[in-house]
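Two complexes, one shared chain (chain A), two partners (chain B, chain C).
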Partner chain A sequence: MQAIRRALSSETVSGWAFVLPSFALIALFGLIPIGWALLLSLQKSNLISPETPFVGLANYRALAHDPLFRETLGHMLIYTGLFVPISIVAALGVAVALNRSVWFIRLYRTAFFVPVVASTIATSIMFLWLFDKNFGLANFLLGKVGLGPFGFFDSPSNGALYSIVAVTVWGWIGFDVIIYLAALQGIPRELLEAAEIDGAGRWSTFRNVTVPLLGPATMLLIVWSSINAFQLFDEVYFITKGGPLNHTLVPVLYLFQLAFQQGIAGYAAAIAYVLFFFILLLTVVQFWVGNRVVHYSS
Partner chain B sequence: MSVDVAIARDGGLDAELAEPGRRLRLPFSPWHLVLFPLAVIMLTPLLWMLVTSLETFAETQHFPPILIPHSLHWQNYPDALRAAPFGRWFLNTTIVTTIVVASNLLLCSLAGYAFARIKFFGREAVFMLIIATLMIPFQVIMIPTFLIVKRLGLLDSIGALMVPNLANAFGIFMLRQFFRTLPVELEEAARMDGASRLGVLFKIVLPLSGPALATLAVILFMWTWNDFLWPLIAIINNQDAVTLQLGLTQFQGAHTTQWNLLMAGNVMSMIPMLVLFFAAQRYFVRGIATTGLKG
Partner chain C sequence: MKRTWFLLSVVLGVVAAACTSSKGANPQSASPGGASSAQSASSGEVVNITLWHGYEAPAPGGPPNYEAISLKNLIDTFNATHPTIQVRDVFCCSNDFALQKLTVALQGDKQPDIAYEYGSSMPQLATTPKVVDLTQRVNDPSYAWDDFFPGERAVTTVDGKVLGIPALVDNLAIVYNQTLFDKVGLSYPSSDWTWDEFRAAAKALTVPAAKQFGWSFPADASEDTVWHYDAMLWEAGGDILTSDNKKAAFDSPAGLEALTALQEMAVTDKAVFVDLQNSGKADTLFNSGKIGMMVTGPWALPSYPDVKYGVQIMPSFPGGNHQTIAGPDNWVLFDNGPARVDAAWTFMKWFTAPEQVLADSLACGHLPTRASVGSMPGFASFGTKYPGVGAFVANLSNVLKARPQISTYPKISTAMGQAIVSVLLGQASPQEALSKAAQEVDTTLSIP
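Moving on, here comes the complex of A and B:
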């Protein structure tokens, strides 16, 4: 009885009235799709025909024997294994360098922040030109120090993927720098001074005080960057189309091609779900590890 | 907490480095020797885009590259505008971005306020469901989203670009957290005086929430203006619904080697975003810092 009265109270009416527009939209475009994606992965669908026969786990079984899918996972792991450590370590160094008051510090910071707001497509067009194998500035500058010339996005084997790593590190490093700058600000100055009084050198203070205290920020960046790396799409779709010879074909591009270019949507949905599983696993594992290793300051 | 504060208060370490006798004394902080080359590397792609956009086609087809054009060839800009419907793309992107940002500010404020202040039946469950969607990457649900938008009859129109994005979980969560930091006494006083919940939200809470709303607005602007994957899926044949990012890929496909023209178009596509960035850098930085650390 009390529950019913509470359910019909004016607070409940106004609460629901406030929440309903957002909740309806989020349910329709967030919650329903996640269930529907699962259903699709158990069906055969070409996105056009209303006939979507149920095929059970056939899509997942086929996936286990798809050499191309295995290849996309390999590329995803190579890309992630390079992008995540490179961008995070570089961002840590840059954030430490930027965390002081010297002349032009605002300009220096802006140089790192601007790429964050450049779109992936605008960035890709810039790098297509910069990395042009015939007229590109990159080959000219690298030639000055005796390197190259490189084919960059056209290079055989993993060269194209490495070039994609370079493009995305440029675009993302500012994001990591901002997170690290905010975290550096949170480190109490007394701790650094105490280390200094105890005779620790600058490197030792950095290594033994600053880095451990940045643990939560580093954990967060590892999770965020890895999730982003697993979702790589825009750059490989636009710059390399997955080539040369599928060397930059990654899971999201593969599932996009299957669903929207070849009309094999059920199978593509199975790839989406496998990817989702990897992302959830990553989040859980990293937070679990993080809770054990990371030093929380507050 | 803003990053600006953090940067302004160091300085002790530099003094230590300049200790006489042991190290060379520089007329400036030695950190410039690190920061300057790094900043140059970061700015090179942007500066090279700008330089190329002012070169003639012949100048771009030259190796070694011509670093300083013989004269500033501004003609590339009107030429790029003539070569592709940039005006239409700007208009579409502006409409989509404006409506998405405005709708999110309104809907996320309403929902965020209810989650922060109103004790209603089912609140925790609905909140958990909304927060759960933060864990779902768009790439995972893009196929069913396509099918839903198709059933709604929105496919291949700019409606398809707006409707799925009119409210989002991140905005609700962020505003809820912010509203909870405001003192509740003011709101209670207004309620005593007979103000409705809606009145309290619009007359008391939102006027105090300028920075939080601005932060949400710039982040949403960036997401929407720069979005590529969803327009790529949702816009199929309708050239009147093409956005800037989608248009840029068409433009690049049609003028693959005319780098001076491509760079002029690229510069123009980035101007609105850059203007907003320089006008509201503080909010961008805060938005990213909060997305990461508090979100």
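Moving on, here comes the complex of A and C:
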């Protein structure tokens, strides 16, 4: 009796009681689908037919010879290579600019965050018209200064992908800015003062004190933005639908089209697992590098 | 270091969850209203059945949805006159997602008794034994199955089995801006127009300085792109696949003639608004007087309140005839036990009888799915009540062919869509594009 009561009041039990609701949800909507997707990737299935023959690794083998899948990986890498550095560097600049007390500062900070909470569908429709080749405001204004007209989403080359980069940087920069603002306000004042007393200029202080101290935040943003970039979907789904001529087709959109428009779900699940593996690999590499470059923990 | 690993595992958990949720059949989208009622009913008991549709109730204060009202009224009438069967209608989702919703419902054995589905979804639906084979039932002479248009019947049928009942039929015709035609002194499209005359008109209506285009073509390489081309292909005398569905047939002189016509208008004349995103822009531009002609269906007419428009059947190629393409949608029945299947069929038989089809057409402007409705006395008022739609009704008799109802069709459509868009963008010649697409299609079809 005593033993049971002691066991029940122990930290282990109460700890598990606290995490159980979250654990159940993650298991139901996370772990079970992950396991099921693995099974699916080894089958031939359209999600409708009860017949799901086991095909072993055939889906994965076919993937290795799918030129379109390789193309989507290329687009994903180009997109990530642009989106991650541009959004992080721009966010750092904005955060530094917003990290001061001027009039209406809260208004400016809010303004940068609005795109993050705005509906992607709404902003996509806005950009469709803004960047329209013939009728868009962007080409109108660029025309005023003698540039363009540009095709933007209509460009039958990487131009469409670059336009998607512009849209998503605009859409996500507010999130990065908030992280950097919090990190900037966590930098101890005495360190900045010490640098000043030692005779460091503003740039030197920023370069040698602020940026290194922002290391953990930058690390977080790089990892988070890269994962986000690998999973690009909403904007290409709503704006370009992968076009023109697959020039903005990325893996997640491709697997969506396969699973839900073409009824090739097993193959699509295999793509999801390959993508998962790429993200895992990238994240491990980023942490490995990060542990050698970032020296301060917040 | 410990922190790092904790963070890593959290990140991985999130990644994994996100990965699968964007891929998988997410359970949270399982919609309510599936199998909820009586499992079986002995005679005398009431059988409850559920019907899924895509007619959304209007927002409070918004304009009424006449399609939803018409459906509701008919179901109420049926329920009042058939006390042993009670039909409950459930708004499932936008029709674009009807197949996805049903996929999830089938996984959980919660399928409705009747669901509205696109004709193009039939081959995929045919792979589940839960779809009711209606072949024997529709062939009962009292049902007059032949009264439905051939193009509609073809789309309900997969491998010789009738798996659906025509729910809605549309077709493509020219919708033109009369004001723009008057401005350049062109006479309106006539019923004996050729594609050459169409091209000349499109060119005359194009004013680069005003950013005005003669025509618009959906170019997102989706099925919307492909079916616009299909109609032209058939008019030129071609076909999508060989009659045994074993090989591509569009890489033919007819296919080339149709695609070259598109190339000449889009690339040579630059008279076409090549709508690469195809997200409603073209309708807005036509309504703003920036596009002279559309090739579209009756569903688009409510989007053009600001334009004085006319409707004319599609042009023909020299020596060919005037055809069009229909995109019929179906009511599909699902097996929830014999009593409910019988009840669902009793309802469908009543619901798709000529009297009810006529009532629905008059109530909301749907084209009649049965040929005989057009000659019923009550139908005379349709043309005045729905101006413009009358031309689409007449055009139903120009629907002579249907797209192949095979499960690999989405892949065929994708290959053709890419070919058409590459020509519209001037990146490939019509012949190159057709050969490449035909090769891809042949590969797809050769896999058993």
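By our rule, the second predicted complex is superposed on the first by the 271 of 298 C-alpha atoms of A that agree within 3 Å, B and C clash if a C-alpha of one lies under 4 Å from a C-alpha of the other, contacts with A are read in each partner's own complex, and residues count from 1 in each chain.
By our rule, a residue touches a chain if its C-beta (ideal position, glycine included) is under 8 Å from a C-beta of that chain, and two chains touch if they have at least 3 such contacts.
Computed from a predicted model, the values in this text were never measured in an experiment.
**Student:** On chain A, do chain B and chain C fit together or clash when superposed?
**Tutor:** Aligned on chain A, chain B and chain C clash with each other.
**Student:** Which holds for A:I34: it touches chain B only (first), chain C only (second), both, or neither?
**Tutor:** Once the two structures are laid over each other on A, A:I34 reaches both partners.
**Student:** Between chain B and chain C, whom does A:T240 touch in the aligned arrangement: first, second, both, or neither?
**Tutor:** second
**Student:** Have a look at where A:F276 lands relative to chain B and chain C in the superposition and call it first, second, both or neither.
**Tutor:** both
**Student:** Based on the superposed arrangement, let me know which partner A:A182 touches: chain B (first), chain C (second), both, or neither?
**Tutor:** In the superposed model, A:A182 contacts chain B only, not chain C.
**Student:** May I ask you to decide whether A:Q262 touches chain B, chain C, both, or neither, giving the answer as first, second, both or neither?
**Tutor:** In the superposition, A:Q262 touches chain C alone.
**Student:** Taking the superposition as given, does A:V116 touch the first partner, chain B, the second, chain C, both, or neither?
**Tutor:** Only chain B is touched by A:V116; chain C is not.
**Student:** Report for A:W203: first if it touches chain B alone, second if chain C alone, otherwise both or neither.
**Tutor:** Neither partner.
**Student:** Tell me which of chain B and chain C touches more residues of chain A.
**Tutor:** The larger set of chain A residues in touch belongs to B.
**Student:** Looking at the overlay, what does A:F135 touch: chain B (first), chain C (second), both, or neither?
**Tutor:** In the superposed model, A:F135 contacts both chain B and chain C.
**Student:** Report for A:S14: first if it touches chain B alone, second if chain C alone, otherwise both or neither.
**Tutor:** first
**Student:** Could you name the one stretch of chain C listed in 41-49, 77-85 or 95-103 that collides with chain B in the superposition?
**Tutor:** For chain C, the clashing option is 95-103.
**Student:** Once the two structures are superposed, pull the chain A residues common to the chain B and chain C interfaces.
**Tutor:** Shared contact residues on chain A: 26, 28-30, 33-34, 36-37, 40, 47, 125, 128-129, 132, 134-135, 224, 227, 231, 233, 238, 252, 255-256, 259-260, 265, 268-269, 272, 275-276, 279-280, 283.
**Student:** Could you please specify the touching residues of chain A with respect to chain B in the complex?
**Tutor:** 6-7, 9, 11-16, 18-19, 21-23, 25-34, 36-37, 40, 47, 94, 97-105, 107-123, 125-130, 132, 134-137, 140, 170, 173, 175, 178-179, 181-186, 202, 217, 220-221, 224, 227, 230-231, 233-234, 237-238, 252, 255-256, 259-260, 265, 268-269, 272-273, 275-276, 279-280, 283
**Student:** Given the complex with chain C, which residues does chain A contribute to the contact?
**Tutor:** Chain A residues touching chain C: 26, 28-30, 33-34, 36-37, 40, 46-51, 125, 128-129, 132, 134-135, 153-154, 156, 223-224, 227, 231, 233, 238-241, 243-246, 252, 255-256, 259-263, 265, 268-269, 271-272, 275-276, 279-280, 283-284, 287, 291, 297.
**Student:** Show which residues of chain B lie in contact with chain A when the two form their complex.
**Tutor:** So the residues of chain B touching chain A come out as 1, 3, 5-11, 13-14, 16, 28-29, 31-32, 34-36, 38-39, 42-46, 48-49, 52, 60-65, 107-108, 110-111, 113-115, 118-123, 126, 129-130, 132-133, 135-137, 139-148, 163-169, 172, 197, 222, 225-226, 228-229, 232-233, 245, 248-249, 252, 259, 262-263, 266, 269-270, 273-274, 276-277, 281, 284-285, 288-289, 292-293.
**Student:** Mind pulling up the chain C residues that touch chain A in the complex?
**Tutor:** Counting only chain C, the residues touching chain A are 1, 3-4, 8, 11-28, 99-100, 102-103, 106-107, 124-125, 127-129, 211, 219-222, 273-274, 276-279, 281, 285, 290, 407, 410-411, 414, 418, 421-422, 425, 427.
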